[in-house]
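As structure tokens, the structure follows; a few thoughts come after it.
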């Protein structure tokens, strides 16, 4: 964590019709942006299961970016709306878990908006850099340890009067 | 409604008639003007040319005093003041370093600036807040038969044109029609009057002025109406020089508030009309 | 009998980096995208008196011809009517660039000396700084005394006219809390804006006073 | 199909492409290949100069056989570009093509990053993701869809006309839908065409009438596409036919009704002549209009407005009974295999630039208005007379009105320099007036175009390089009284000039139609930032869109001149013909299916599907997906609470492995 050259890890889910194509356009236009984002292609942002997002964070991502077509422009009519609805739930869940909601971002980027891919990615990398690492795997380990010690405490009657570890 | 009133240097000197007319006119419309306590020069265009940070400090002292005064809006009748105060607001918003310096400077005077007090031109307030219907009700002596060339000048409409079209502003046109006057189509309504050049380099400055006056005469106007003390001064005070250089182009130039006062039946002297170099033909009285 | 002058420009005449320096000032960025269409000169009411048209000033800045630009009359003839800024198809804030160039010319002390406009700017600033307000007739008097005494004599009639119409105040206007304003200005002098974090302004500020 | 690889040992072959220096210049592909070779299940790892080349593809096929590979991963460019290529290569090696997966390390990596180490690290992370993912791939079968041998062409300008004739000549069924009462588009309004100056009508109208009479073409003018459903091969289109109050089949275009209208004189602004001429409520847009059928304007027709008219038109029509005041909007459904969108452009509204005085000064014209003025069949019979009845002695033509301007439209409209010169020539020819042409940059890239510029210079047109500041009617200098004064910097001579002229012509630019966004949504296309329809690839697929089977031609894709438009229309027709003649198209097998044993019958997926592909089997209490209707978006998959829906090619497990892979770097 004290690594001075810590770089955020961001997993992105881009719909193939708009945002993935826009990222291709950014490439063809040789725009330059931060190298922290790893893109996973899906057919539609509607395919993005909240589990994917949680899984990415749990496996060490510092942020997740979801890119879909603009409202009314979904290749599949309304997959992006479905994502939007899910996204709102997801944000509530993140808040409950004590994770900054800004770590998971939903952006509408059309196939023509290569420039937006660049600005969104750069902006997100900056913001996550400012927030610092999420380190969910580390926190999981910590929680595991706590759970272990609690269980340990519960199975050891002698220490049962002791107040909880924190 | 009570407004903080920022007269600016000109309204205390060459533009006294503007102040003399705006206060009673606004009062007649139910608006009270409270002069800002110990206001200072806005900095005008000249200060910006020397040091933009200090220019912002000058202007922001007024903005901060206005915030302290607590009235919701500042009224700035002089176009240059209106522009500079608004420009400063933009600067402080857009440039954090400048805002930092300005805030430091304000602190030494126990002042603060938050940016929450809009600076507005009286023409905006009169036409858009008070409204033409309310104005029509106040008209006692309609300006029947008076042909007015509405001259907006530059700095009220450019570049921060928020309340009117910058190419073809019409606030004053509509206002004068409400007062019963006839408005001539005036293509030079936003052309520069020469600004401070009339005083520094007569040839280019006065040419700007001459072109405007000549066109107003050609369009058959009886009077040119302005919203700015510098425009009024330039169009009013240099007739001798213009006549010597080109040809006479004598036409009175008055403040729009003076025309409002006349229509409201106020005394021309009280409105400062005698301060013009070219006297305006008496109007309204005949109709009354 | 006439003298020929060479008008060719050599690379040595350029002050490399000047253009970039100007375009990196907030508000001046778009200058880089100027297409030299001449709209600015076409709408400028004063372009007819300029030694370089506003369009040429843009080209000169971009090509690093610092000395030519800062010595030009153009930047001082600009009356800040913002017509060019409103009309520019590339959204270049030409008026603001003119202000930027005026400041640089003042700072470098290379503006035309007897040219009354920079003198006015200086005197105006001095008076505003000292008294907090500007009394126009005194300012005009000082200006004429400094630049052209004959012009001052020519203006006596105007002064008299103003006097009889009550538009010529005989006393100086000034604010009550002059020391307050003075203190504010001193504060500015003591802060170097360039030393501030995230300062986007580049090394041209001249808060050292004049 | 192939042997079942599910249980067999996974043997992955990995290939990293240099793409010359395109990738290798920023990503250390040798290093990536070396590290990938050490990953589990990777049997073989190579780097190669150009994977998409024949030897590159051959390499894959060979390796599959030699090394008994059963999974292939290629790290190269975007899958949108070459996924198909490598799937074919995989298949050639005897493997199901869907055992292949592609990693994008060019568009998403080498081209957008600047740090070699970071770029290489990212490439390796993406590679790991693909290698983990591909192990879970399954053999799939592609779906083939039959292509209906018909085409819908939207827009009857020169692009639509040319595409329609090409397709019809090839024996395909064509439906041509045009919004206006006649086809012909903007070209029908032009007088001459640059640079050859041949008469627009002479070359266009024969094509128009062929369209009108061709047995393979169904022409619906005064009609719009209201709804589009389905997909490539099988689009179901609903066309709205606006009432023209004339029974088209009964009208012979004798125009007796027009003659006998109760309005004895034409009284209403004539749209075809840009409002410069007048027409009656019953009218035909212009003599060669196609179809040769009149129409009645409900806004001005007395009968339609008030219900009180002597209906002299009906009398005149007599026993043809072609007039029907009760005609209503009509909707027609058609079935087509392909679509060509050729909806054209709109000219920039010159009133948006008030400094040029259009709409204020009556002698300021748009270029399209002047096209009508110089046209022999125009409202003045080809005499250039201004609105004040005078013939101009001096004319100023202002280029780039609403072009190259960040405040209006940023783009160059491409045709204005040339058409302005054409109009300069025609005005000079018609009136002998002094013509000034104000340009920013003269753009004449085309065959014979620069030569045309030469000709105009020789003709003595005054070319002034400078964008006009203002057009005013206030006079200052002698000779300016009563004239329009153009103030401009002559940037080449170095002077600000005031030029008094009688007439000003504004060369308005081209822009997308106001409703282009609606049309775009109708056909599921994309727009570039300006609002023109987006081509699939700017160089290699210029008439294709991101929607399979929908092609674009003409100015709806971007401003262009007539030769380019016709060329593009031909190209779009050829692309559509290719699809039709192929007979069928292969679809990605990315559809979803239900694992019945897992499905709890909660029905939450059913309303989510925009294609109503999910039904509910009451007897079994299970959801059922109709594969033929499923488009493969995966929305239902992501929403199934019991995880019982699977999307082919995007299975949960595949994506989880990809997530794991992209995060597995140190």
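In order of appearance the chains are A, B, C and D, and numbering begins at 1 in each one.
Here is the rule we go by: a residue touches a chain if its C-beta (ideal position, glycine included) is under 8 Å from a C-beta of that chain, and two chains touch if they have at least 3 such contacts.
Being a predicted model, the structure only gives us computed values, none of them experimental.
*Asks:* Common contacts of chain A and chain C?
*Replies:* D
*Asks:* Can you pull out the chain pair that has more C-beta pairs in contact than any other?
*Replies:* Here the largest contact count links B-C.
*Asks:* I'd like the Å distance between the centres of chain C and chain D, where a centre is the mean of that chain's Cα atoms.
*Replies:* Roughly 50 Å separates the two chain centres.
*Asks:* Averaging over Cα atoms per chain, report the distance between chain B and chain C in Å.
*Replies:* 23
*Asks:* Centre to centre, by mean C-alpha position, how many angstrom separate chain A and chain B?
*Replies:* Here chain A and chain B have centroids separated by 55 Å.
*Asks:* How far is the middle of chain B from the middle of chain D, if each middle is the mean of its Cα atoms, in Å?
*Replies:* Averaging C-alpha atoms per chain gives centres 51 Å apart.
*Asks:* Two-or-more-chain contact residues of chain B, please, as numbers and ranges.
*Replies:* none
*Asks:* List, in ascending order, every residue of chain D touching at least 2 other chains.
*Replies:* Residue numbers touching two or more other chains: 355.
*Asks:* Which positions in chain A are in touch with at least two other chains?
*Replies:* Within chain A, no residue contacts more than one other chain.
*Asks:* What chain-chain pairs meet the touch criterion?
*Replies:* According to the stated criterion, the contacting chain pairs are A-D, B-C, B-D, C-D.
*Asks:* Which part of chain B faces chain C closely enough to touch in the complex?
*Replies:* 9-10, 12-17, 38-41, 43-54, 57-58, 61, 94-98, 100-101, 104-109, 154-155, 158-159, 166, 190-192, 194-197, 199-205, 208, 237-238, 240, 274-277
*Asks:* With touch defined as at the start, can you tell me which chain C residues reach chain B in the complex?
*Replies:* Answer in residue numbers: 26-27, 45-46, 48-49, 77, 79-83, 85-86, 93, 95, 99, 102-103, 106, 116-118, 120-122, 124-125, 128-129, 132-137, 140, 143, 147, 151, 157-158, 161-162, 165-169, 173, 175-177, 180-181, 183-188, 191, 193, 196, 198-201, 205-207, 210.
*Asks:* Flag every residue of chain D that touches chain B in the complex, lowest number first.
*Replies:* Answer in residue numbers: 354-355, 472-476.
*Asks:* Chain D touches which residues of chain C in the complex?
*Replies:* By the definition above, chain C touches chain D via 35-44, 47-48, 53, 55-56, 87, 89-91.
*Asks:* In the complex of these two chains, what residues of chain D are touching chain A?
*Replies:* 78-81, 104, 106-109, 111-115, 118-119, 121-122, 125-126, 129, 521, 524, 526-529, 534, 546-547, 590, 608, 610, 631-635, 637-639, 647, 650, 652, 655-656, 658-660, 662-663
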